[in-house]
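What follows is a pair of complexes built around subunit A, which joins subunit B in one and subunit C in the other.
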Partner chain A sequence: MKNRIWFGIAILMIFLISVPFVASDYWVTLLTLILIFTVYAAGWNLFSGLTGYTNFGLAWFIGVSGYVSSLLIADYGLYWLFAWPIGATFTSFVSIGVGYILLRIKGVYFAISMVALTEGTRELFGTEYLSPMTHGGKGVPFVAGISLSTLYWAILLLAVITLVLCYKITSSKFGLRLLAIREDEQAAETLGIHTTKDKIIAFVLSAFLVGLAGAIHFTYQNYIDPSFAFSIHLTLTPIVMTLFGGVGTVFGPVIGATLFTFIHEILWAELTLLYMAIFGGILMTLILFFPQGLLGWMKERGILPRIRKI
Partner chain B sequence: MINFVEIFIRGLMLGSVYALVGMGLTLVWGVVGIVNIAHGEFVMLGAYFAFWVFSLLHLNPLLSVVFSIPVFYFAGMMIHKRVTERLVKEQELSALILTFGMSILIWNLAQFFWTNTYRSVAYLTGNFPFMGLVFARSKTVSFGLAVGITAALFLFLKYSKWGKAIRATSQNSEVALVCGINTIKMRALTFGMGIGLAGAAGAIVSLQWVIFPQMGGSYISKAFAIVVLGGLGNIHGALAGGLIIGILEAIVTQYLSAKMAQIIPSVTILIILLLRPTGLFKK
Partner chain C sequence: MEPILRIHDVVKKFGEVVALDHCSFEIEPGTITGLIGPNGAGKTTLFNLITGVLEPDHGHIYLKGEKITGKKPYEIARRGVGRTYQIIRVFPKMTLLENLIVVGRGMERRLIERAMGLLRFVKLDEKRNDYASDLSFGQQKLLSLAQVLMPDPQLVLLDEPAAGINPTLQNDLMALIHQLNEEGKTFIIVEHDMNVIMNHCQNAIALNYGQKIAEGSCSVIQKDERLLEHYFGR
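Up next is the complex of A and B:
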């Protein structure tokens, strides 16, 4: 059984790595988007799915890291390979401060504070005071000089690392502590868990992974501006994906990201103007009628074993 | 000096409207236990309500402020009975994500049907001088309306039978239930009132600023900053918080820029949560 699974994973990896050699650019682009959103969704799930603290500021991670790395590439001519981790590291450091302030108190405060923070940062990046640095509202076009297939392999590597990390964390003691926070934070604290510290670690880890994917995302787009970088769409879509796949599961975000990137492709082409409304409606429906998600449902029905590692 | 008094009064006028939005949010939060992220979207809908009533029916915009309260009250009650009541006993996370989805659904639909055009209600334009200061007529009238609605809300909560029942539900829902208060009804009522306040605030907003489908985002940030300032569920705190945010915004707009004023809510939230997470005022 175990050998079979490893064999399957090996086949899948060989297939994914060889895609740029065999498939057309359209499919490589599509897979790149799927992988970017996989990292977003898995990163959101890593913190929010495990601790139960809803992060409505995913776009903030993406935007801050995207901005730092884009500006480094555009204005300072830094090589993309160095710009990406610098952007993500910067985001992680800022998130330590934000997490320290917002994660000491109850979850609801955290959720809306992140909305306000994203809103505020978007405005801040467009103000005349930061314009010399951020180019204000008119945005930053840039060319990173990276080929589509290199970009694809980079995001593939990141997605694999993210998933392995999520897998390791959910089956570790650290993951158990995070779950304990979700179930009953007071009880967890009484049992000797340093809840604030664990929450901040998970938050910063999520910020780093999502930030790195954000930097790659904007390199792929070759353009960044405040309303695009901090767009609510970047927060909403990964949450919908995770909820559909199953909150707190390891592979739920992957399934959600794959399915919804295709749905996105169709909706974006056919119903651009109603795109967000449809996603908002799907989100409400999922919460009301399908809160456990696909993998959660399959575990309940006994189709999948009831273990945290899936 | 005169200049500073003028800025202060301008801030108070702004703040009175923000307070309406913030009080609605904190009321629903405290009594129903649901944080309504779609609250800002109801402000936007209120503004469009006033706009369409004015441009299609040619009704006096001041009347539409009054009409918006019952209309949004009943809409809010229906939404609560059909949708959000199911989530009262669930984890906070569920209600948050649901209202987040609702917020996006509403503004995108508004954008789809009414387009992104900036609109405004051209009524009560012009200024009038008063004691050496100059005031915009629309803002002064708005201020009067906001103060009137706030006073009515306070009197209702303090003296009416329902108001007392709502406060009891807010303090302890289970004991209130044992005492014979229909808490399900009170939650629906409160949700309706919160939405009614948001709608009225929106109708007032349409008198003085341009309106557009995505305006709700800035109002939810402000409303949340107000709730954090005043303390969760604290109506008096929300009133004070609204005025504080309004005055801060007037000062920053005057001395820095209008764009910088937009980041006040996030900065306020971070500072208050860092220094005094229970809010400035004791409940």
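Up next is the complex of A and C:
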């Protein structure tokens, strides 16, 4: 059984790595977007899915890291390979401070404060005052000099690292402590769990992974502006994908991101005028009938074993 | 012998309400002490102060001679204080084994062994892979006790451990507590059922309106006129 799983993973990896050689740019582009959103969704799930602190400021991670890396490439001529991790590292560092302050606030108030932070940062990046640095509201067009194939392989590597990390964490003691925070934070603390520390570590790790994917995302777009970088869609889409696949599971986000992107693509191509309406219908059906997401539902029905490693 | 816990002149107010009013007492190691008093007497507040969930407005709390006032709950827990809640607060969507492992400290392999040992101790080992939410109320109380014992605390605070469970399970639970007490653990038990206190505790402390109104061995306290007046409204 174990050998068969590894064999399957190997085949899938060979297939994914060889896509740029065998498929058209359309498919490479589609897969690139799926992988970017896989990292967004898995990164969101790593923090919010496990701790229960709903992060409605995912776009803040994406936007801050996207801006830092894009500006480094556009204005300072930095090579993309260096610009991306600098963007993500910067975002993680700022997240330590943000986490330290905002992770004291529980429930819906934390979610709202993250939205406020994102909106505030969007305004800030668009102001005249900062425009010598950020180019203000008119945005930053740039060319990073990276081929589509290389960019695809980069995001593929990041997605694989992210999933391995999520797998390791979800089935570790650290992952269990994050779940304990979701279940009952005060009880966890009186049982000796340093909840503040664990929350901040997970938050910062999520910021780094999502930030790195954000940097790649805007390099792929060759353009960044405040309303695009801090768009609420960048927050909501990965959350919906995770709900779709299964909150708190390891592979839910990747399944969610894949299915969601394909359905979106098909509906958009075939039923351009109706696609939002149909999409809304599918979402409502899912939330009504599969509130734990696809994987959560399969675990509950006994189709999959009820273990944390899936 | 140095007291394991010393409460010194502790005051806690919630607005105008004085929940604890210059309360002082000591707990000797290796004892089982009952904490009694009517609703609102300040018993749970006292537990919250000892575990660091709340901070006193005045006075200090010492654990094995060390001042723990102002320390965070997790720091106090790591110094050897365990606590169960009146409303059970195990982690519902985690398995029994996970509920224990998550609060243990040390190597994972040793933790699994210890957790299994504790689950056997409370006779829940066969349900180790069930979610805690699938257990009955009484079983959740036992799980909660096993969970508190997982980090091997020296001082265990139990908030109404016997409430709401059937007499057989109640006896099992109290037998477990006596066994642990003989192994050297100190217990403070909040309980409304006076029979539980009189049958199982060596000492008792009575609170009313945040003030300590009586203290001593159970046999003495049983005859305390002031206590009887307050507690039973005689």
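Structure notes:
Just so we're on the same page, the second predicted complex is superposed on the first by the 286 of 310 C-alpha atoms of A that agree within 3 Å, B and C clash if a C-alpha of one lies under 4 Å from a C-alpha of the other, contacts with A are read in each partner's own complex, and residues count from 1 in each chain.
Keep in mind that, in the parts below, contacts are C-beta pairs under 8 Å (C-beta built on N, C-alpha and C of every residue); 3 or more make two chains touch, one makes a residue touch a chain.
Because the structure is a prediction, the values reported are computed rather than measured.
Residue contacts after overlaying the shared chain place A:I239 against subunit B, while subunit C stays out of touching range. Residue contacts after overlaying the shared chain place A:A23 against neither subunit B nor subunit C.
In the superposition on chain A, A:L191 makes contact with subunit C only, while subunit B stays out of contact range.
When both complexes are overlaid on chain A, the residue A:V143 reaches neither subunit B nor subunit C. Once the two complexes are laid over each other on the shared chain, residue contacts for A:A10 go to neither subunit B nor subunit C.
Of the two partner chains placed by the overlay, only subunit B lies in contact with A:G120; subunit C stays clear of it.
Ranked by how many residues of subunit A each touches, subunit B and subunit C are led by B.
Common to the subunit B and subunit C contact sets on subunit A is no residue at all. Contacts from subunit C toward subunit A in the complex involve residues 51-53, 72-74, 76-78, 82-83, 85, 89-94, 98, 101-103, 105, 108, 111, 129, 147-148, 150-151. Interface residues of subunit A facing subunit C in the complex, by the touch rule stated above, are 173, 176-177, 179-180, 183-184, 186-195, 306.
Interface residues of subunit B, counted against subunit A in their complex, comprise 29, 35, 37, 83, 86-87, 91-94, 96-98, 100-109, 111-112, 217-218, 220-221, 224-225, 228, 256-257, 259-260, 262-263, 265-267, 269-270, 273-274, 277. Across the complex, subunit A meets subunit B through its residues 48, 52, 54, 56, 98, 101-102, 104-105, 107-109, 111-113, 115-117, 119-121, 123-124, 126-129, 232, 236, 239, 243, 273-277, 279-284, 287-288, 291.
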